[in-house]
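Note that subunit A is present in both complexes that follow, paired respectively with subunit B and with subunit C.
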Partner chain A sequence: MLTVDRRTFVKASAMAAATAAAAGTARAFSLAILAEQPEGASLKWQKAPCRFCGTGCHVMVGTENGKVVAIQGDQKAEVNKGLLCVKGYHVGLAMYGKDRLTTPMLRKDGEMVAISWDEAIETIAKRIKANPKGFSFYGSGQWTIPEGYAANKFVKAGLGTNLIDANPRLCMASAVTGFMSTFGVDEPPGVYDDIDQCDVAIMWGNNMAEMHPVLFSRLVDRRARGEKVMIIDMTTRRTRTSDFADEVLFFKPHGDLAIANGIAHLMVKSGKYDKEFVANHCNFRKLGPKPDEKTPPDMLGVQMTFEEFAAAVDVYTPERVEELSGVPAAKIRMLGDLYCNRGIKINSFWCMGFNQHTRGTAINCIVHGIHLMSGHFGKPGDAATSLTGQPSACGTAREVGTLCHMLPGGLAVANPEHRKHAEEHWNLAEGRINPKIGYHAVELFKRFNTPTDQGGDVTTVWVQVTNPGQTLPNLGRNFLKKKDLSDKFLIVSDVYPTATTELADLILPSAMWVEKNGMYGNSERRTHQWFKMVSPPGEARDDAWQVIAVSHKMMELGDNGMKDKDGKWLFQTVDKAGKEVPIWNWENYYDVNVDERLFNEYRLFSRHKHHDLAPYGEYVKTRGMRWPVIEQTDGSWKETRWRFSGFDDPYVAKGKDFQFYHSVTKDDKALIWFRPHEFPPEMPDKDYPFWLCTGRVLEHWHTGTMTRRIPQLHRAMPKAYVEMNKDDASRLGIRNNEVVTVKSRRGAIDLPVWIGGRGDPKIGEVFVPFFDETKLINMVTLDEYDPYSKQPDYKKCAVTVVRKS
Partner chain B sequence: MLSPKMNLRYSAETVWVVLAAAGAGTVAYASIGDGQVTTGQVMGMPLAAAAPQGPPAVVSTDITWRLNSPAPKVIPESQSNPGAVADKFASRVKSLEKRAAVRAYEGAPPVIPHSIADLNVETCRACHAQGLRAGDKTSKMVSHTYLRNCTQCHVEAESPMLGPDTGPGNSFVGFRPSGYGGTRAGAGAPPVMPHSSFMRTNCVSCHGEFGYDGWKPDHLSRSNCVQCHAPAAEFEQLSPTFGVPDVADGMAATPRR
Partner chain C sequence: MAISGLVVKLAEDDDAGAALARLAADSRITLGERFGNRLAVVAETSNVQADRDLFDELSAMPGIVHVDVTFVHLGENTDAGMESNKGDVEDQHAHR
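Our next item is the complex of A and B:
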């Protein structure tokens, strides 16, 4: 393990001896001269964002002889200032698992057979060309921005369908609809700087200490500097976050809806909300009537007067909120007092507790609402911060619009003007963009899992950079049925064998992270860039190249959809001299910077909704920039931190202190929604008496395909388990580490019990992490979703827990 | 004519020895570092071979005495106690191996070689705030006291609850230091730090009382370490030569396949 080889050591010892052999006078201390070369001189260091979560830390990657050998936190990065979490420190190992996929494989007679890339590309091209309307792309918030853009253009311009969706449907969709309903446009108005300035930090059902550790450190390390910051942990079970909190408020599932309404109630009753802010910058809003029994009211809603709003929240007295949520009335009053205090700064944080929620849009809206109403908005430290799970759910899926109802730059398929913009940017014939939206994730896979002659009109799916075979809810219904449907064809681009590749018909080995150029966008609207540093193993190739190669092959086979209205190929790329570069050939793919070519085309879309992105070259020079990025008179590019705030957002009209320039009501005002508390669709009962919550742990990223192959992370957390309250366990006679069956109406999984471990659920609750592919807890979860975002609720369903023996 | 293979790094030493001998007429000197002893001539005068003499009757630090006396006989440590020299190096090697066993690469946060109370990071400080020794085990003083969320970076080497599990293999080979230590400008010069100083502002953590064998300096009483020990340009991110420049030409460094 040490790099001192025996020979060198002996040589050194010999020198010491020889020197000392001088008759008498030599001073022997010759070991000092052995350090001939400075340590680490052969390492090359380059920047990259971390591969893992939505925080978007930057790392410095140390490479030597074509391999990654070390990682440092990037001290020049504003996000993390040199600090990483355990996953980030070990991100360099993610590429070196021994079972990397290195050759394309096709399933022939039940066996996976290695094939050439040419055969793979042709197989895909022919399959899609035979039935483009039956083809769906399923992508990812871990797609780089250029990858997502290539796939989006391929489907929406090239195929003229909108049959593309992505895994942020399962993680951030409700945050999106929450932003859209409140501000008329997606993504947070605030930034991470709010963490440094707030006086009170409220966690609304998220375990920030494990899930966004570097941001959480940013908060708690302020205490090491002597700053006072109050942390309130609102949670359904005790976690590591609770340990740092001044107040831990345990609430019942869906109690968050009641708590937020309770705070609104107290603000109305006391009159101590920010009346001026509300009068100048906000409208009240409620849902309209249902068109019919089955269909929910539309997301747009109808106007509500303040009096109506006051009457609606009147019922949410602290006592009533205590009944609905389990949080004591005195604590609700404490929260009310905090929000009514204009002299402090409050930063709310949330993540999957709010988004993986059958009323996800609602809860997102009403927490935005209480921040707006109380005036705790738009000033450093006053923010309602939706944290993102994936490294580029924002940068790729949301901003590039790789969803069935969206176009790049925040534009919408349903909007005829937006379709026209896309047709202009892409030089397409008028009407080429299909006005009919495609299928959202759960719907997409439901149809893929339904026989073709019974309405299962999705017959080919191409999955890139994600693992729906492990992450879709109710896997028995939504994924595994494909196995018996022989006419369905699943293409998977990935780096390791996964639960999804188990059912794949065609597997494409892909390059990951610093094996390719890339760009990501994090939770604070920061777009970052990195260069390829090492080569991918074997025949693995970039995901974007795969899409581009298929597009070109389809054009060669006569598909004119892959050309714009002037007959030019959609991905045509020229070098500086204007000569075309055949980027569909892998050998030529890195003759130019395809990322730059795609990004500089994509950024044209970003102006329409004030998402302004700078040219690619600017991101090379920085550790990311937060949009809107505006060119200054001296040619430099300036990022924007607080959107809609006059002091920082250049798009706010002069003289205004706030302007919501994408206002739903078209009057520069944001919306404060009323949404009632509602109970979850499936609740514990006699047969299934426990709440099941699922989620992550610090060591593992999502489905663990990367982190379980990193020994330090795997050994610390080698397998899944079920957390149980010790009183429940005692009552059922279950001992620590005993194997139990966790069963719902949909499926069952066996797991060891862990009492008094990482987290501690309340009585009547259990928790299971979803990283373990040998323990697919999504066999058990519920596939009910929010009516607006279509995001499923992984946080609550009813299960029973039974001892195996 | 004497033309010793003088290693200029040690010329200061050599000059001293020569000066010491000049007055006496007999001089034996060695140029340290070239592995050779030259007895010959200095400044055109023949030299007699060195003859060890007993200590002078009067001991004085006066420079005149030095010029009039032969150089004192010093038995080098590697002769008097050869094991110690080898041990010094060997103990460093052992310490590096100990470190490497819990680190994916030099600079990675070590995994925790013992079980922990998961829901309370204050328990970490019980042993690591000051460091302590229990039997033959030491717990190091934490080198970055301002970071409060310990378990964000440090995870257990093995999960006591969920059992040992080696998991699938990984071919990553992490950067390891050579063990030679920091480079020096000359003999006796303070070595440059052979590692990054970021998050290692508390030198005592590894080099102090509860630190690693082979790394405890003989001047622990001095507390302003960085006054003499410079950071290493190879690791210090804020050094102007660190890292590949972030310019559009970074594309030139990109592997083509």
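Our next item is the complex of A and C:
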């Protein structure tokens, strides 16, 4: 073998990776060069999805001497084709912050004291066993699929409650209710391939250039190759996406509802909607009785005729929409013309702008309706695409069903037949699955932060892989009150100290990313798998093991809920010879592949709602597969790209172009909803004259617990700030960098002002990022939520900005 | 030492030629093959911070539309990173 020095080897490897990605093909020479390692080197490359956003890029992780030392975009991955964004660049460093949590710690006499794992597990088991109905799990879209499945089974089968929810409630619950209302089943019909084939990309409040840069790069790349791709950025503030857009349409907060209805109005008025598609595949729907204390929100609504729909959208003339949204009537007509043009392919994109919205379900539904009405649906390039911010918000929270109203595989707690399926798969006695829906995230933490004798019936919460102490809205009400409630007990599993561990009574150190086996599911229904590559630091251990160990300890303490109807432990695991492996002991946890055992049990659920997953081993061989994944006659497994489309989806009956086989109306039709424009619950007034929008920044991922520990990212964006319009700042006599108080009816924080900032906010609007745990903007935000999805609105509330001097 | 592989997407205008000339003259950069507007390059700098700064510099350069990362060698920088963010971590902890 050719021997080269280390520097030459690394440079050659870097050039090989760049060349292959630039060429758009995985060239054989790349791996050949990587194989020619310098003498004595032991660099080992293995695949894994990136730890950060929901795009689902694959990386090749280079490890040496027990550490991650190199990262390469995976050229075999369809999602990113060898490319990575600037966050992916740093993913290998995220594990190496100086202050990793390495030992369990229990609060004793007000101080956090190191304890053994045995004591930690027993403390949790005794606490939950004493009052299972007072216990709630709070997880994450960063849970791996097996981790979320273990927690879900622990609560719903083991404890017989549905007291589990996860942070996707705060980030994409409205996308779920939008899909459910429209198609009767969750998750996008289309895939990323649509990005490569659309003629027009319409960003609905979505800063794809910074939040999903690798996907945006696919659009930019097409343009750079000479293809004509029109980008329209509809936004309340300028972003990097705006810089690439052919049209930037600034709208007033909440104006998106008016714009979408305006487009529907123009389709009806012009008669240019796709009459054949609508007649064959769609029903019209409107809301039923308005929900109140006696009438729960009803997502089924009531039937309406096309004529009634036409009358309902009649008021949304371009001129009226201009009044409501601020977007000129001429531009509304331009949008109407585009959507009515069936000679082009349109891909609409959205993310938090739609979902963190007190009418999030409504705006999701309306835009699905626009695509259905216009026939821009179900063909490559014609799609309505909801993007996600976490690596497994889809794979774990939505598909595994780690939400208080869900069961695995898209099944619902409220459905008796679905509960029966779960009881069969988990071998439980009939009636074991509780029909009562648990508490959604905001309600869960409200109850945890309410004295027990005043209705605060959640007394113990176990948080894994998320940071509600920074992300819940109205933190003063929904998180910090716990500090004064001595009978409440907060357990937090995490990798670093956070705003949440600050109030924890028990902290469990967790393994992260490639320190454990894992599986994620991305925004396009793609399920990924990876193997453990390095050991976690100190005594940090897998989150799934923590749940399994507590379950076993509860059984040892006499809790029969942790057994199935035949008396077997819910997580019983056997080796190939059929002998039980004591996976509750950490020393034995990796004697078998627990992920494989949990996933292969979970996949049984996936058949009911046509989420079909392949066996675990198939994912080992690939860079992910998009469900439904169907076994072929030759024993291979085939993924599905376009759901409900006859040319690709095997569940569509032969001879049909489209079939919405989970139709809400049971007639294979999708629903086009009328949802009116409504004003938000809190708007600026004389006391609180500014709109506040919160969000992310390029340098940091969500609450910054990982990225703030990467020096290069921290230095690039060290502190949060408030962006203000220069005329507002001038009127108030505020100078750049001056520290001001941003105050709402709920709380206040001090922040330095960045006049103009990156977003160049409009007059009367301010923006604050939420990554900085030293400046918690969620002390200020509003905890009103969408009545259907229960997702709060972080994009709009009323604040004032006050000079400190 | 930090070494990264990048794909630089060049604009379709006169600035692209100037950008290409600047890249060729930069001792930190080794130019690779060009495929249409996509150019493979390798960046070699003293540490990860310098590499990040170079990435930002390229991203902002006239004639360059976009920069993607394809490879990054962290090497000893995992240890360096742990030390160099000491102050930042203490800053976060001090806040509590």
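The criterion applied here is as follows: the second predicted complex is superposed on the first by the 756 of 805 C-alpha atoms of A that agree within 3 Å, B and C clash if a C-alpha of one lies under 4 Å from a C-alpha of the other, contacts with A are read in each partner's own complex, and residues count from 1 in each chain.
Here is the rule we use: a residue touches a chain if its C-beta (ideal position, glycine included) is under 8 Å from a C-beta of that chain, and two chains touch if they have at least 3 such contacts.
In this text, all values refer to a predicted model and were calculated from it rather than measured experimentally.
When the two structures are aligned on the shared chain, A:258 is found in touch with neither subunit B nor subunit C. With both structures placed on the common chain, the touch criterion links A:532 to subunit B but leaves subunit C unconnected. Of the two partner chains placed by the overlay, subunit B and subunit C both lie in contact with A:93. Measured by the number of subunit A residues touched, the leading partner among subunit B and subunit C is B. When the two structures are aligned on the shared chain, A:779 is found in touch with neither subunit B nor subunit C. Of the two partner chains placed by the overlay, subunit B and subunit C both lie in contact with A:85.
When the two complexes are overlaid on their common chain A, residue A:497 makes contact with subunit C while staying clear of subunit B. In the overlay built on the shared chain, the residue A:625 is in contact with neither subunit B nor subunit C.
When the two complexes are overlaid on their common chain A, residue A:67 makes contact with subunit B and with subunit C alike.
When both complexes are aligned on chain A by C-alpha atoms, subunit A residues 13, 15-24, 62, 67-73, 82-86, 89, 92-93, 96-99, 214, 217, 220-221, 224-225, 708-712, 714-716, 718 touch subunit B in the first and subunit C in the second.
Subunit A meets subunit C in the complex at residues 7, 10-11, 13-24, 62, 67-73, 82-86, 88-89, 92-93, 96-99, 214, 217, 220-221, 224-226, 497, 502, 708-712, 714-716, 718, 773-774.
Considering their complex, residues 9, 13, 17, 28-30, 32-33, 35-37, 50, 52, 71, 73-79, 85-86, 88-89, 93, 96-97, 100, 104-109, 111, 118-121, 145-149, 151-159, 161-184, 187, 191-192, 194-196, 198-199, 232-235, 237-238, 242-244, 246-248, 250-251, 253-257 of subunit B touch subunit A.
Interface of subunit C with subunit A (complex): residues 1, 3-7, 9-12, 30, 32-42, 44, 48-49, 52, 55-56, 65-66, 68-75, 77-79, 81-86, 88-89, 91-93, 95-96. Those residues of subunit A whose C-beta lies close enough to touch subunit B in the complex are 1-4, 9, 12-13, 15-41, 43-47, 60, 62, 64, 66-76, 82-86, 89-90, 92-93, 95-99, 209-210, 213-214, 216-217, 220-221, 223-225, 238, 240, 242-244, 517, 531-535, 586-587, 590-591, 593, 617, 620-622, 698-699, 708-719, 721, 736-737, 752, 754, 757-758, 760.
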